[in-house]
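Each of the next two complexes has subunit A plus one other chain: subunit B in the first, subunit C in the second.
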Partner chain A sequence: MVILALCGGLSAVGLNNRHKECIYVAFGSAAAFSACGIVVAVEVLSAGPLALSLPLSSDNGQISFGYSIMVDQLSAFFLLVICTLALPVSIYSFGYVKEYEGKYGLGRFGLLYNLFLLSMVLVVTAGNVVAFLIAWELMSLCSYFLVTFENRDTEKASAGMLYLVMTHLGSALIMSALLLIAFQANSFEFSAMKDVGQFMGVDVRNLAFILLLLGFGTKAGIVPLHIWLPKAHPAAPSNISALMSGVMIKTAIYMLIRTYFDFLGINGPEDAWLGLLFLLIASVTALVGVLYALVEKDYKRILAFSSIENIGIVLIAFGSALLFKAYGLNDLAALALIATLLHVFFHSLFKGLLFLGAGAILHATGTRNLERLGGLSRRMKVTSVLFFIGVLSVVAVPPFNGFVSEWLIFQSLLLSFTLNDVLVNLLVATALGMLALTGALAATCFVRFYGMAFLARPRSREAAVAKEVPRSMLLGMAVLAVLCLLTGLLSTNIIQVVDSVTTPFAGTSIAGRLTNGIVLETPVSSFSSMSPVLISLALLIALPLAYLFATRYGGVRAVRIGDTWDCGTPLNERNEYTPTGFAQPLKRVFRGFYRERTRTAVERGADPYLRRLTYETSIPELIDDFLYRPIVKIAVGLARKVGVIQTGSIQAYLAYIFVTLVLLLIIFR
Partner chain B sequence: MNDLLLALIQAALILGLAPLVTGIIRKVKALLQSRRGPPVLQPYYDLRKLFRKSSVISSDASWITSVTPFVCMIAMMVAALLVPVFITASFGSLGDLIVVVYLFATARFFMALAALDAGSTFGGMGSSREMMISAIIEPAILLSIFSAALIAGTTDLAGISQVLVLGGTDLLRPTLFLAFAAFFIATLAENARIPFDNPATHLELTMIHEAMLLEYSGKQLALMEMASMTKLMLCITIAWSAFFPFGMATELSPLPVAVGLIAFLVKLLLFALAIALIESSMAKMRLFRLPNLLTGSFILAFLAVMSFYIL
Partner chain C sequence: MINGLAALVLLGAFAAVSCSRMPALVRTFAFQSIALGALAACVAYFTDSPQIYVVAVLTIGLKGFVIPRMFSQIMNRIKVEKEVDPLLSIPSSLLVSGGLAVLAYYITEPLITHGEPITRNALALSLAVVLIGFFIMISRRKAITQVVGLLIMENGLFMAAISLTYGMPLIVELGIFFDVLVAVLIMGVFAFRINNTFDSLDTSFMRRLRD
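Here is the complex of A and B:
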């Protein structure tokens, strides 16, 4: 597999100048690579773990350094998630990257793309700290280069810079946390770190928890560490955005599960604060994400904010899993953990689809501004239908996959009433309310997105002349669209597999009680049940009934085509509703959050009746202003102060070295 | 099998009686306003008339416009399978109350998209306002039914009503009243009633629900109207069966079923009366005053859940 990816990448560089071959080789090998990945993942999920150690490991007596690969059930699941998305994205890329021909080096793109895929796979299959950190860094760097791939655009370059800084801050925290654990385990091997948390001091263990939360939280995009995400994800080419939002940020979830449940372990009620902390952060993340998604004008940024929201939802489930585990309710912990993994998987599918769809819109219109779109469903028929399936999944319409995972998350939150702690109960109830609010706001957000981009009349020339995208792009999206529906319908089967992944962490297997044929149930007997298959069956039976009744009753009548009611003024793009106008009522409801700034200016001319009115509105980035600006200010200020000693003369530096040396000698005498 | 049969009968009852409820509300309103008003069966006549007319769709519209009336209708039909009416049974393995709420959300989602589809300003206005209201009302609905679910220990609607009926007055806790109040407000908002929206208005600046249907005509309009009426009926039924299901039959024998049916009809009348009274004694609120009332409902629902834990 590794070789395949490297070959693909390197040969892509070699073929840099022969565009067509370059594309075929690069993405062909990427597709083959993902197919291999799926096979390996399925193999491991059905047969058992796989371990591989490279012979270059050297033993220095105490701690062995080396490079080892380990694929257990959890890794295999994430491998499956990554490769299932990577395959259609690679197919899609055949058509998508053609627009870079002649503008940017395709060979470079092919290499980075393959390396990026490889690094993500290596992250989830790393068997020790060294392997993990190398892969993690490789993943960060590849994605940085991909974000800044269109490097003649300064905005994209600065987005990349922010991403690089944030991701390295995160890496530093992760590295220190992993070192803390490694020193306790006295080994860098992940297998030796299992359950090492119980031997660690309480403070050290809590410190590790916090460091991991912040470190991986930066990658996952929790509020307020998310600021890089809405800048970097839209800046990358759309197929990369799909991978970044779909799976890259999920590698953080993988490591959270791995470190929290596998290494540190959740021991008892004294760890409950961790679950509550996660619930709090996750609810805020989900809500802030969706609120910003609601008012954004750049549609790729809408999707990026929606990813933040969904990471929030995933972490709500993860937090409740921690909580249940802390109180020893293993059944419910398993339920919540299954919900976490399912949402990770399903989100990667529908968000991948949505980003690919966004790429298709960008390909066809060349603009990222939602205000300039409209009427695309008549011009890009297939894309509009495929994209719509992604939208149905993200707003959790039954029986699509987003609904199934959201249902499970609701159930696990509701079942928290079995906990006997009023404070915890109330906090979980708050999270429940937040989740419901988030869901409803997400629906609004996507009505706005889909309605403004695909429906009604075009608002600009670019949208009016848009054409359907090439077949390979449609095929990539179609695969994901089919998966969105299928994984929803087959969720009872998928849960069986996911249950085998979560069993070692939750300490119990609940698949037998969670599924009953095609019906999903909760582990607490007769609490609730739901069946995606039956729902779709009922809908499918109801449809012809309604259709036959409507068309036959009262006689068959033709459907005529007429103009939209226009009150006598001809309709054009200027009297259509705009995305800004659509979000206005909610902006007003949540004005305390948005703190929108508006400016109205009237320019009077010679004619008293002809005036020019300008209306400007902007939403400040609160978190930037109140959290990061002061930090940057302090850091810059401190740097200036320190700068005083940097005189630039070599003698002074030699003196510093001498003084330091003397001081060190005195201290460590 | 028995459950499925009962669910089908109850669903048929909901669909069949839905226009009647709307007719009763209109009649009572007319009487309160000293008008004679149209006959109680007028909604049926209206639907029959609409089904005989052909539809006109906008030349700007896409497939969403043609699909939406059917989606709204079948979502309501499936939701009707999940709601117990006179006996505490429904097609439970299909789904629970979360499914019902999400089916409502599905119908609303399609309706809001269809409103944008023709590119008319009214549609956009209606769609945008409807989504604002629903964004706050959906969590209120979920939380209020959740509090009933917490008391009953199940999220299955039939299960909730069964537990409450069998538990009798022992289970009558403040939670239920708070949740009912929240749900009542939510029902008014969800079904575009005064003070949130005026179902009889066509005044362009105030309408919400009607603005979304503005481009529909003929058979398609009939389906949309039918779906809206069914939704009102479903909300009323859920309000009674989730919070005060008393009188519902718990077994399939003639006497309890008859009592259940009568109790259901009485409750239906009571609710219709309440809506009519509110609509005759209140004016529609200004759009941007609505969020206060909506958040009120949300907070009531939240208090309901809290009181379950604290009291």
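Here is the complex of A and C:
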């Protein structure tokens, strides 16, 4: 597998000047690589763990350094997630990257793409700290280069810079946390670090928890460490955005599960604060993400904010898993953990699909501004249908996959009433409310996105001349769309598999009780149940029935087709409902949060009529303004102060050294 | 004998501080290096170790003759003015150097009390030389004087090494000599470039490079 990716990448560089071959080789090998990955993952999930140690490992007596690969159930699951998304994305890329032909080096793109895939796979299969950190850094760097791939665009370059800074901040925290654990375990091997948490001091263990939360949280995009995400994801080429949003940020979830449940372990009620902390952060993340997604004009940024929201949802499930585990409710912990993993998987599918769809729109219209789209469903029929499936999944409409995972998350939160702690119950209920609000807002957000982009009439020339995208791109999206539906319908089967992944962490297997044939139930008997298959059957029957009923008993209405009454002025795109207008009511409701700035300017001519009326509105980025700006200001101020002693004169520098030396000599004589 | 030679080296450092013209400075450095070589030869005689003779010869040859010759060549090539251009006037520099020598004795006092009898004072003296060399680097403007200051520091270190440990292994010594030679070569090139760029060897012009 590794070799395949490297070959693909390197030969892509070799073929840099022959565009066509280059594309085929690079993305062909990437597709083959992902197919291999799927096979390996399925094998491990069904057969058992796989361990591999490269011969370059060496032993220095105390702690062995080396490079080892380990694929257990959890790794295999994430491997499956990565490769399932990577395969269609690679197919999609055949068509998508033609855009860059002649503008940017395709060989470079091919190499980075393959390396990026490889590094993500290595992250989830790394068997020790060294291997993990190398892969993690490789992943960060590859994605950085891919974000700044269109490097002649200053905005993209600065987005990349921000990403690089944030990701390295995170890496530093992760490294210190892992070293803390490794020194306790006296080994860098993940297998030796298992359950090492119970031997650690309380303070050290809590420190490790916090460091890991912040470190991986940066990558996952929790608020307020998310600021890089809405800049970097849209800046990357769309196929990369799909991979970054779909799977890269999920590698952080993988490591959180691995470190929290596998290494540090949740021991008892004294760890409950961790679950509550996660619930708090995650709810805020979900809500902030969706609120910004709602008012954003750049549609790739909408998707990026929606990724933040979904990471929030995943972490809500993860937090409740921690909480249940801390109170010893293993059944519920397993339920929440299954929900976590399922949402990770399903989100990667539908967010991948949505980003690919966004890429198709970008490819066809060349603009990222939602205000300039419209009417694309007539011009890009297939894309619009596929995109609609993605939208249905993301807003959790049954029987698509998003519904299943969100249902499970709601169930696990609702079941928290079995906990015997009033405060915790109240907090969980709050999280539940936030989650519900998030769901509703996400639905509004995607109605706005789909409606404004695909329906009505074009709002600009670019949208009016849009053409359907190449077949390979459609195929890539179609695969994902089918998967979105299938994984929703077959979720009972998938849960069986996921349960085998979570069993060692939650300490119990609940698949038998969770699935009853095609019906999903909660492990607490007869609390609630649902079946995606039955729901879809019901829909299949009910929809035609409703149609029939309506036409039969509603009576036949005379339909006359004519122009819309237009008050005598010609109707054009300026009379259309705009995305900004659509979001306006919600902006009013949440005005305390948005703190919108508006400016209206009236320009009068000589006649009594208005010459021009301009209305500007902008939404400040609260977290940037109130959290990061002051930090930056302080840092720059300090640097200025220190800069005073930087005179530029060699003698002065030497004098500093001299004075220090003499003082030290006198003090420590 | 050894103490006397070591004192001579320190005297050389003082003389270097008091020099107001470049050729004199270089000559003083040569004188100091020859004294140092003699010191090494003495140590070799008392400890009866032939390898230190080699070191002594190398010191006298390289630092006493080759490097000063290189300096005068560089100075001739770039037609530098002969003034040393001190930042601090020479009398006050001498005062500071005296203070540094006292400081060196003060610092090394706890060490000296249980040192080897032959080289008891050498540690304090060599530390004084190091500090004065450093001081020359700080208080003189021209690039070449700074190089000389560095070499004087190096002499001080060398003296400390040879008088405390009776010589490091020969290979280390050779390495150090080679190092110094190359350093002088490189700094000569740099001095040349600085002169070309700023029309002067005054390093305070390089302030403009900041930011």
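Rule of thumb we're sticking to: the second predicted complex is superposed on the first by the 617 of 669 C-alpha atoms of A that agree within 3 Å, B and C clash if a C-alpha of one lies under 4 Å from a C-alpha of the other, contacts with A are read in each partner's own complex, and residues count from 1 in each chain.
Methods note: a contact is a pair of C-beta atoms (placed from the backbone, for glycine too) under 8 Å apart; a residue touches a chain by one contact, two chains touch by 3 or more.
Small disclaimer: the values here were computed from a predicted structure and weren't measured.
Participant: Quick one: classify A:47 as touching subunit B (first), subunit C (second), both or neither.
Facilitator: neither
Participant: Touch check for A:551: first (subunit B), second (subunit C), both, or neither?
Facilitator: In the superposed model, A:551 contacts subunit B only, not subunit C.
Participant: Check whether A:543 is in contact with subunit B, with subunit C, with both or with neither, and answer first, second, both or neither.
Facilitator: Only subunit B is touched by A:543; subunit C is not.
Participant: Between subunit B (first) and subunit C (second), which, if any, makes contact with A:581: first, second, both or neither?
Facilitator: Only subunit B is touched by A:581; subunit C is not.
Participant: Let me test your reading of the model: by the given contact rule, A:658 touches which partner, first (subunit B), second (subunit C), both or neither?
Facilitator: In the superposed model, A:658 contacts subunit C only, not subunit B.
Participant: Could you say whether A:450 touches subunit B, subunit C, both of them, or neither, answering first, second, both or neither?
Facilitator: first
Participant: Enumerate the contact residues on subunit A facing subunit B in the complex.
Facilitator: Residues 374-375, 377-378, 384-385, 395-398, 403, 407, 410-411, 414, 417, 422, 425-426, 429-430, 432-433, 436-437, 439-441, 443-444, 446-448, 450-452, 454-457, 519, 526-531, 534-535, 538-539, 542-543, 545-547, 550-551, 553-555, 557-566, 571, 575-577, 581-586, 588-589.
Participant: For the complex, give me every residue of subunit B touching subunit A.
Facilitator: Interface residues on the subunit B side: 48, 51-64, 66, 69-70, 73-75, 77-78, 81, 91-96, 98-99, 102-103, 105-106, 108-109, 112-113, 116-125, 127-129, 131-132, 134-139, 142-143, 146, 149-150, 153-156, 159, 214-215, 218-220, 222-223, 287-288, 291, 298, 301-302, 305-306, 308-310.
Participant: Please give the residue numbers of subunit A that touch subunit C in the complex, ascending.
Facilitator: Touch list, subunit A to subunit C: 646-651, 654-655, 657-658, 661-662, 665-666, 669.
Participant: Using the touch rule from the top, collect the residues of subunit C that touch subunit A in their complex.
Facilitator: Interface residues on subunit C, with respect to subunit A: 87, 103, 106-110, 131, 134-135, 137-139, 141, 146, 203-204, 206-211.
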